[in-house]
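This is the structure, below, for whatever I ask next.
Chain lettering (A, B, C and D) follows the sequence in which the chains are written, and residue indices restart at 1 in each chain.
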Amino acid sequence: MRFFSDNAALVHPAIMQAIAEANAVDAAYDEDTLSKLLDAAFGEVFETEVSVIWLPTGTAANSLALTAMCKPHQGIICHREAHIELDEAGAPGFFTGGAKLMLLDGDGAKIAPDSISAHFESIRPDVHQVQPACISITNASEYGLCYSPGEVAEIGELAKTRSLGLHMDGARFANAVASLGCDPADVTWRAGVDALSFGCVKNGGMNAEALVFFDRDLAGDTLYRRKRSGHLQSKGRFLAAQLLAFLKDDLWLKNAAAANEAAAIIANAAEARLLYPVQANEIFLKLSKAEAASLRTAGFDFYDWGEGAARLVTSWHHTPKDVQPLAEALAAL
Amino acid sequence: MRFFSDNAALVHPAIMQAIAEANAVDAAYDEDTLSKLLDAAFGEVFETEVSVIWLPTGTAANSLALTAMCKPHQGIICHREAHIELDEAGAPGFFTGGAKLMLLDGDGAKIAPDSISAHFESIRPDVHQVQPACISITNASEYGLCYSPGEVAEIGELAKTRSLGLHMDGARFANAVASLGCDPADVTWRAGVDALSFGCVKNGGMNAEALVFFDRDLAGDTLYRRKRSGHLQSKGRFLAAQLLAFLKDDLWLKNAAAANEAAAIIANAAEARLLYPVQANEIFLKLSKAEAASLRTAGFDFYDWGEGAARLVTSWHHTPKDVQPLAEALAAL
Amino acid sequence: MRFFSDNAALVHPAIMQAIAEANAVDAAYDEDTLSKLLDAAFGEVFETEVSVIWLPTGTAANSLALTAMCKPHQGIICHREAHIELDEAGAPGFFTGGAKLMLLDGDGAKIAPDSISAHFESIRPDVHQVQPACISITNASEYGLCYSPGEVAEIGELAKTRSLGLHMDGARFANAVASLGCDPADVTWRAGVDALSFGCVKNGGMNAEALVFFDRDLAGDTLYRRKRSGHLQSKGRFLAAQLLAFLKDDLWLKNAAAANEAAAIIANAAEARLLYPVQANEIFLKLSKAEAASLRTAGFDFYDWGEGAARLVTSWHHTPKDVQPLAEALAAL
Amino acid sequence: MRFFSDNAALVHPAIMQAIAEANAVDAAYDEDTLSKLLDAAFGEVFETEVSVIWLPTGTAANSLALTAMCKPHQGIICHREAHIELDEAGAPGFFTGGAKLMLLDGDGAKIAPDSISAHFESIRPDVHQVQPACISITNASEYGLCYSPGEVAEIGELAKTRSLGLHMDGARFANAVASLGCDPADVTWRAGVDALSFGCVKNGGMNAEALVFFDRDLAGDTLYRRKRSGHLQSKGRFLAAQLLAFLKDDLWLKNAAAANEAAAIIANAAEARLLYPVQANEIFLKLSKAEAASLRTAGFDFYDWGEGAARLVTSWHHTPKDVQPLAEALAAL
């Protein structure tokens, strides 16, 4: 049993099916009718008009969202352990033309409004210092914690008072919504989010993510930047097909709920070891070298997380029955 | 019958099959064994050691190749109608950090060695002027003409004398090789090419192109730049699978030969109208507005090419029988 | 006698004096009262409210002006022989983050409205092609020709209809105004110019140029970009002092008039040789190798301009008496 | 008496004189014989062959040095309070094309070898994370502390083992050398420094700094980048003149020694208040609001440094007699 990462998991059959069906027509670019359905499909999920752009990776989605909000000489406020800071090879710097990531601390890779306010105070409003243009938060966070609608709204309010944009990295947005049980709109645009990287690859997709603009004015230039960064695929219908299948019948939420449930089962069995509450599909827990080795010998694979800790990630295809053996093995340690 | 572009065509069944099979394993990044097979597979085709990187688009492949060869303050010599100049939304400027495309004239979108030499002479070797770092040629060219091994070698020689890199945009490389009947090595590294954008999407692929480095030293930084530009897919196995299926049993050459043959049939029927010799799978011909309209009424679709001209592109799935009606309609005009 | 370039000439005594006087106070950045006088001083010259930024070079002024008007994914329309294209080492590409210079032909390095319109028509309004964001013209042009107020206004009108910005490279703006005898406002903002690089170094300054924003909204971000590009000097008072002395008592116009007059004397003596009408302070003329050699032997220095031609530039310190010997030598050839 | 910053101070008379004398010739670019003397003049100071480039600001010098050492996708290790991070408006990001500053803690704005080693360990050597390409240290540091030759050598050794470049921001290098009493070579290239931003403006200059390359291979591309960033002045002789006068008869060291001595007098009078040892010409001390107000009323001007603290900077023109009143006022508080 592999618990390395949800980004490696199998593609969901319904999405494979949609890809196969998209091969029935030969249509590129402006003739691609599937891509034209995205705005409406996502608009329904979010109960508002949106502009949606498919992209092959979350890194591309995050970077293009940030570039739409931040000029090269400005800054992006985010957590010190945000994916855009630690795991994207400097992509935001590349896409924006050198904007600065402004790193904040915060438990569980979440940033608190106080911390943002303090950062504002620390910057002299003169031309010698980079001024922030937007805030980026990750929901669920890099440690699997969720921002509630209220928490996002507090940050949204702060952004608004400074005329900053608000971006949400939602590589695991589905897991967050499934966990929060809220309306997708409540934790995004109604709380002040301007652009959302809506993840699909980690949740059953093959190579399609959605960049959802609630502030639709941001979409225009982004279409040029998508092409300019090599991300406009002629056969984009195969990406649109994935996303449409993902939304259909709430597959995105069902997949996320399954992954979350599997994580909860494991978490319950190892409660005393947890480094963070398990709210989505990631489990960080204390685990000695010997314990890790014994689990691996028993056939469970996962990443170490520094010294004496481990990260396990569940995915859409993990059934309760699948993870039961791991839960038992952990309980037995 | 649609002759708009080969970039819209259906994905070849063998490639669809390979994609389906790649869903049998869950493996990302360094665990992806399919991606690790690429160097060897392409090495066999090119009879030398190569470093190969998959990418979703030709624009990404071209841009990363050029960035590997050209610092931000340098220049890239290419044809005035090169795809990198006219149809990539300024991608080379974005990826390189502002390098200059140096545009040369030349019949049929091919550049001649004389023209390159003359360009060298026109640049003062001082810090006020941008100095070229590489040359980019397209084979087959944007007007469907092929550079022969000898022609490439002449340019390769020029590049060498100035220590410039040589890139080949091979969006339709398969069509060129099928047309030239040459060894792939002869028209690339043996002729001085350092990096090749090896097209698959226009020739039966879904969303995978190969960037082939003959100068393997160029590959190292490119791996970082691929991630940094949002092009590293966690489930890259689905791109590797496409490319491996594409090479298997010479599918790439068979597909190209079919497209070329279809184009030849059309070209033969419209010889007096041809704006360029038809060497690959693109046909540019004189066509009045009325003639174009009558063809469209008869069910043939294609792009106008300025005033009184049209472009038709054939693809891997066009059989001789498929294009016969168009050939007859053209002959009857 | 040296006629290489006005950019090498001595600094005018009044400007040297102003620099010396600026050393009486120790004031940096926001305390620098001289820099604060610039808006008003230039506002008087141009009869309107302007925002003015000092910079050490014309390249910096041009690049920051263009960056204020053009996003990284857009284009700048200019002449094929514009200084920004040929002599700034790719600075616009660097400052803008990779914007494309769109090169037009035109006699005497001037671009005609027809040529701009034709360029508009040549660009498909889709995401595959770079869309222009501004136009840059040089007055006086690289061949010493002036755009009249009417000519600028025609281009300004074109820019307006497409919502493009209009930049004027005025490295020799003083020479143009002195030649045209017009109101500075008529050939700039009243004709649609949004930003002007107002040259001083070629006309008696040491290392200060003025970037004049008629569209004052463009100035805000430029202040950050000036610092970010290393162009904010702590002792900027020494640059402001140069510009204020330059404007005082119309020194800028008097210097330019002197240079123009010297050029006219030379041009009159060599009328049959002129490659372009001499409207400012540059003279381009046919000159055989032997003739050039004989002039050099007689003590006159200048640049060759390709085969069989030469460029001579006069400067503010050339009196009629100074250039008489050259005029006579030319007449005697 | 003003103790705001040494960057505002008057220009030293010998430098004013050199500027005036540089106006005796009209020579630009390659004809400028003064600029050609720089390599030899600095070579003598540093007892080795160097390549030297004048620039108008320290920000430009720092940024071009870093760009020579760091590709766009790489990183620069520096202190969290380094000038390049806090006070240059993101210039390193702009010049390098988006490289990442990697921020370390350390007392007095100095970074310790341990901290660098720990940072190395924290980076996974994979393509998802930015890899460092160079280290930048400031000597004297932003809090006026000096790195000794031995301290620099330890960092130099670390850089070498990882093939990283080592840059020294020497905006106050003269103050450091005057304080350390060492050979300039010992604290730079002999300790592994590849490039030094050699400050002049803060120490009696007008608008010239020197970028000194000990690794002379780094200079070639930098000449293009200087032009490309708008920093190549046609009348560069006025910058070269400043630097030559600065080196002549050790003016740079004498000026620095005077500033350091003035600072020491003030520091001695306020020893109990010092936040950092005073090793160069900056004094950071505890000072209540009321105390600060009383000093200001007495005619002493300076910046607050957060709550309950102040920064005072002495300059080349402060004599012991000049600062005596401040020392007494501080002692009397």
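The rule we apply is simple: a contact is a pair of C-beta atoms (placed from the backbone, for glycine too) under 8 Å apart; a residue touches a chain by one contact, two chains touch by 3 or more.
Since this is a predicted model, take the numbers as computed values, not measurements.
Asker: So which has more C-beta pairs touching, A-B or A-D?
Answerer: Result of the comparison of A-D and A-B: A-B.
Asker: Taking mean CA positions as centres, which chain lies farthest from subunit A?
Answerer: C
Asker: Once you find the CA centre of subunit A and the CA centre of subunit C, what distance in Å lies between them?
Answerer: Averaging C-alpha atoms per chain gives centres 50 Å apart.
Asker: Calculate how many whole Å lie between the centre of subunit A and the centre of subunit B, each centre taken as the average of the chain's C-alpha atoms.
Answerer: Inter-chain centre distance comes to 34 Å.
Asker: Round to the nearest whole Å and give the separation of the Cα centres of subunit A and subunit D.
Answerer: 42
Asker: Where in subunit A do residues touch two or more other chains at once?
Answerer: Counting only residues that touch two or more other chains, subunit A contributes 72-73, 88-90, 94, 97-98, 127-128, 224, 227-228, 232.
Asker: Can you list the residues on subunit D that touch subunit A in the complex?
Answerer: So the residues of subunit D touching subunit A come out as 72-73, 75, 86-90, 93-94, 96-101, 127-130.
Asker: Under the stated contact criterion, what part of subunit B meets subunit A in this complex?
Answerer: 2, 4-5, 7-11, 16, 19-20, 23-24, 26-29, 31, 55-57, 59-61, 63-64, 88-91, 94-95, 201-202, 206-207, 224, 227-235, 238-239, 315
Asker: Under the stated contact criterion, what part of subunit C meets subunit A in this complex?
Answerer: The touching residues are 30, 71-73, 97-98, 126-128, 131, 221, 223-228, 232.
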